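There are structures below to look over.
In the two complexes that follow, subunit A is the common piece, with subunit B as its partner first and subunit C second.
Right after this comes the complex of A and B.
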């Protein structure tokens, strides 16, 4: 994913194995090159302890989210026929106690991983798409288009995100889709700025000039040369954006702007807060979802850090 | 480019941004949202058509949009944000009352998190790879990953609930106290909210300071200083740190907006009577005049601090003006 088929210079790593017999089929060459670049990338990534811890954590949570329907029965999460009495302390039957309806907090936390991760990924896809589009269009076309795109980016960079998110969420209403939309709309600007800067430098490289001289269209240049080469920047940024999106979802939920009908970690904390868990000291209801948010965010951040070190040789240890 | 032109350009840029925010707010509420529906809390406040018409006239909603925009600009610049649905009082009055406590909380927290974060960042970067560096980096990342509203709840439940060391909320126990006794009481109330916000933003400062210093440490002038035989301590204090401080310094100004946003939840958790609590209540009650005013003032504050950062940055690092 990191490497691209049309990457003229090997940006990622300098580990070259002995050249195998060259295949004739161009498709095979492409795949071979991808495989080799990926293997080289993995070799460097593996050395980062932080990156490995993050990756293991991440895989665990993704597995948990995928397996949630097998671990928890959906009926136990309904409020009409809860499995236990309300506000039970942690016990053998309910390892993390129960909430105000009598639902198992452990079940809520397991199921909540789904919404938190979905929002995190979906909002990130939106952020990246908008950010990359605005950044590449501005950087590639330059001139008035760039001025306009740059102004738009700067505006969105400056507007403080919480008030903007509050305004948007209040107007649009509370639903899962709107949560994703609000996070995407408020966080694409940083990506756009990074992508624009990178596009400006890629655009000037000789092979782009060569392709242009050969009569390549704008679309061809952007999709075949610019995009594949700014991909590493977008990708390293993506991982950190997922972390930020998950935190943003939590903040929105805690403000009471989350989707009331879906179970997310932020939503569980909000419900606990709303039901007076603070004054009643119901720690088992508050602590677990927060720790999960913290761990997942940390996992993404650690992976992002490690990725950045691999993809950006400038900051590798001198 | 001269200093004056640099200043002028930055000020114009800030004004343009502010205008955009004003226009954006107008479009959001009048064009995308249905103002009558928003003003009647999603239609839950039932009005017959006649009353709705009266409302439309009162807010000038039947005027052409450009005329509405001019009216809206005039009102906003005069500080007329309408009346709060919840209290029925002018929004601007509510905001003025709640501003002081928030500025106090956000101001102290920003200064503390920047100061402590910078110190941790310097120590970590200078001894890269040491136990302190690894530990503080991990700690910073963990703090950065914590939802600060949740952190506030945990601190509240531990230190105010279980241990009972601090009051669980508010800004004062009684309004009878004066002088030193009042100050002590205020500090006790401020301690936990400030601690939460400081912890919540300290990680970012430490991380930025660390990477900024690492970058500077690789620069030629640091090598030169070392080669000249300058003591390690002096290389750090006189050559490396001042240059590495610049990006962190701007971050402090840029962070004001985030910390202000973070204060919304923290104030609600600690029942702290500031703008954050006002905002939280306004969201809960769909009090749109208040939400709009807070959006505008929050954005204006952030734009102002960014401008301040740009101006100071240009002064501290004259190279910026040339760009």
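Right after this comes the complex of A and C.
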């Protein structure tokens, strides 16, 4: 059987091999790797038109949100000393007209982007953390733990979220943090489902058994082997969840359950609705925040699709 | 003292369809610097033994007997101690290296992992050691930053070998290390394993279904059938002069090229391996045995002496007590 010990190897053997690279600082190596990986990622992402449009939209809105305090003076948003008369049509001074107090709708919309984005991101972080934790714990440990986690997930999955959110919001009170909490609490179940399913498949792979034979602890197995393999699912889900969270925030605000002291797009629509903007034909008050919500949601969704394409080479067009 | 001592090992899988006794009373020892080859058909319990030695089976699986690695009884260790023994006491080269590597992590990191999990070295030192290990198994050290998909099958198996050596274990379990590799690469990997084993004085348990491989690598061979060892002895003797009819069939299944006796007559063994849930009574091999006699279905066989330094579980061997009676 073993008759050809001098046969060249199926690979580069010592002879032509470069001298072993002096192992550098592992941290530096990791940083270099990340930089390279990011550059490669960008190269692929750039090719997606949809992704680029989404990204440009998103960057614009994020820039707007960050720069809001510079563009709009906080005093102009007060109801006591508004800059204009109520219900002014769009004009040179107020490009989007004014609301019932005489505040510039443009200012409101610019400022509102802050809350909408903050809530969107914060609620998503919560959704992902809770969803991933519940999904991985259930899927990895199995047995009774899984039954329990599954029951919990199913429970949150079948509960109609708006009534629950209304109840939670009215119990916890109307504040920004509570809005985030309510959205986070009511939307993690879907993520947990996806993550659990993926964990179940990953944990049976031979390399997980190998790592266990290696003497790895449960924590090590989960954090080093399962999580990295489940990450694409979580990641692809994240971007879409941001869009949903922003919509959820709008919904809650529209129902009058948002933070009354902060300005958000949903809140502006709520105020307009409340003041009868619809029947009075005050379109400039109602439509701009609506369009902004659409655009941001669309931007996230477009980025999500583009990311999916980058992360999942199978659906990438050649 | 032997590095690995397995005594009366029973492994029973619990399934919905009832208990499946996959290993039924297996004992063997491996000394430092020695290689024991374990051979047998698919499903005879070879890999189950490998899993039982490091207690990798699910907690539901029943394991009885004792497995002693370096003086520690693996089967009674607490989880923390067990984790410490895994890989430092005994490591495994898994079958199918293609799947035993995590596809999203670099191969170097996965070897480093083995070292840092046991806190044998810091990450920087572990990387240096990993580079050395890769060189040792014939891979250039720059491969340390490759992903598994950038390596060929043979290269991946080399990575697995490097990984198995990472914590300087006293025992290496090679579980069909050459399956899924083409013959040329297979020969190279075997060559590498053998030379590393000699160089480092490792004890090795080499599991395969390919007897001809064992003759090259192993000092002693144990043949398994239906969860039991049915023949055991020095590698050369067992292969060239098998005592048990099953071993004869296994050895006969590899035609000697150029030997006229094999021409046009591939020797095989009829029938299927027994269902572990319904092992035949007496000698489990009797339904397929060409040399079965009247007592076989009822005789409880055990390993009897079959010549110098050899044992086999068959009525026909010299040490079998029943043989004298049946001749009368």
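Basically, the second predicted complex is superposed on the first by the 286 of 318 C-alpha atoms of A that agree within 3 Å, B and C clash if a C-alpha of one lies under 4 Å from a C-alpha of the other, contacts with A are read in each partner's own complex, and residues count from 1 in each chain.
The rule is simple: a contact is a pair of C-beta atoms (placed from the backbone, for glycine too) under 8 Å apart; a residue touches a chain by one contact, two chains touch by 3 or more.
This one's a predicted model, so the numbers in the text were calculated from it and none came from an experiment.
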Look at A:217 in the shared chain and tell me whether it touches subunit B only, subunit C only, both, or neither; answer first, second, both or neither.
second
With the two structures laid over each other on chain A, which partner does A:228 touch: subunit B (first), subunit C (second), both, or neither?
second
First (subunit B), second (subunit C), both or neither: which does A:206 touch?
second
Applying the touch criterion given at the start, work out whether A:126 contacts subunit B, subunit C, both or neither, answering first, second, both or neither.
neither
Using the superposition on chain A described above, determine whether A:109 touches subunit B (first), subunit C (second), both, or neither.
neither
Touching A:278 in the superposition: subunit B (first), subunit C (second), both, neither?
first
Where subunit B and subunit C land on the same part of subunit A: residues none
Can you name the residues of subunit C that touch subunit A in the complex?
54, 56, 83-88, 91-92, 94, 96, 99-105, 110, 113-114, 117-118, 123-124, 127-128, 131-132, 135, 138-142, 145, 151-152, 154-155, 158, 163, 184-188, 190-191, 194, 212-213, 215-216
What residues on subunit A touch subunit C, complex-wise?
1-5, 7, 9-14, 17-21, 23, 25-26, 29, 33, 205-207, 209-217, 220, 224-225, 228-229
Within the complex, subunit B is touched by subunit A residues 151, 154-155, 158-164, 166-168, 170-171, 243, 247, 250-251, 254-257, 266, 269, 273, 277-279, 281, 283, 286-287, 289-290, 293-295, 297-298, 301-302, 305, 315, 317-318
Could you list, by residue number, the parts of subunit B that touch subunit A in their complex?
13, 16-17, 20-21, 24-25, 28-29, 32-33, 38, 128, 141-142, 144-147, 149-151, 153-154, 156-157, 161-162, 168, 211, 214-215, 218, 257-258, 260-262, 264-265, 269, 279-280, 283-284, 286, 288, 291-292, 294-295, 298-299, 301-303, 306
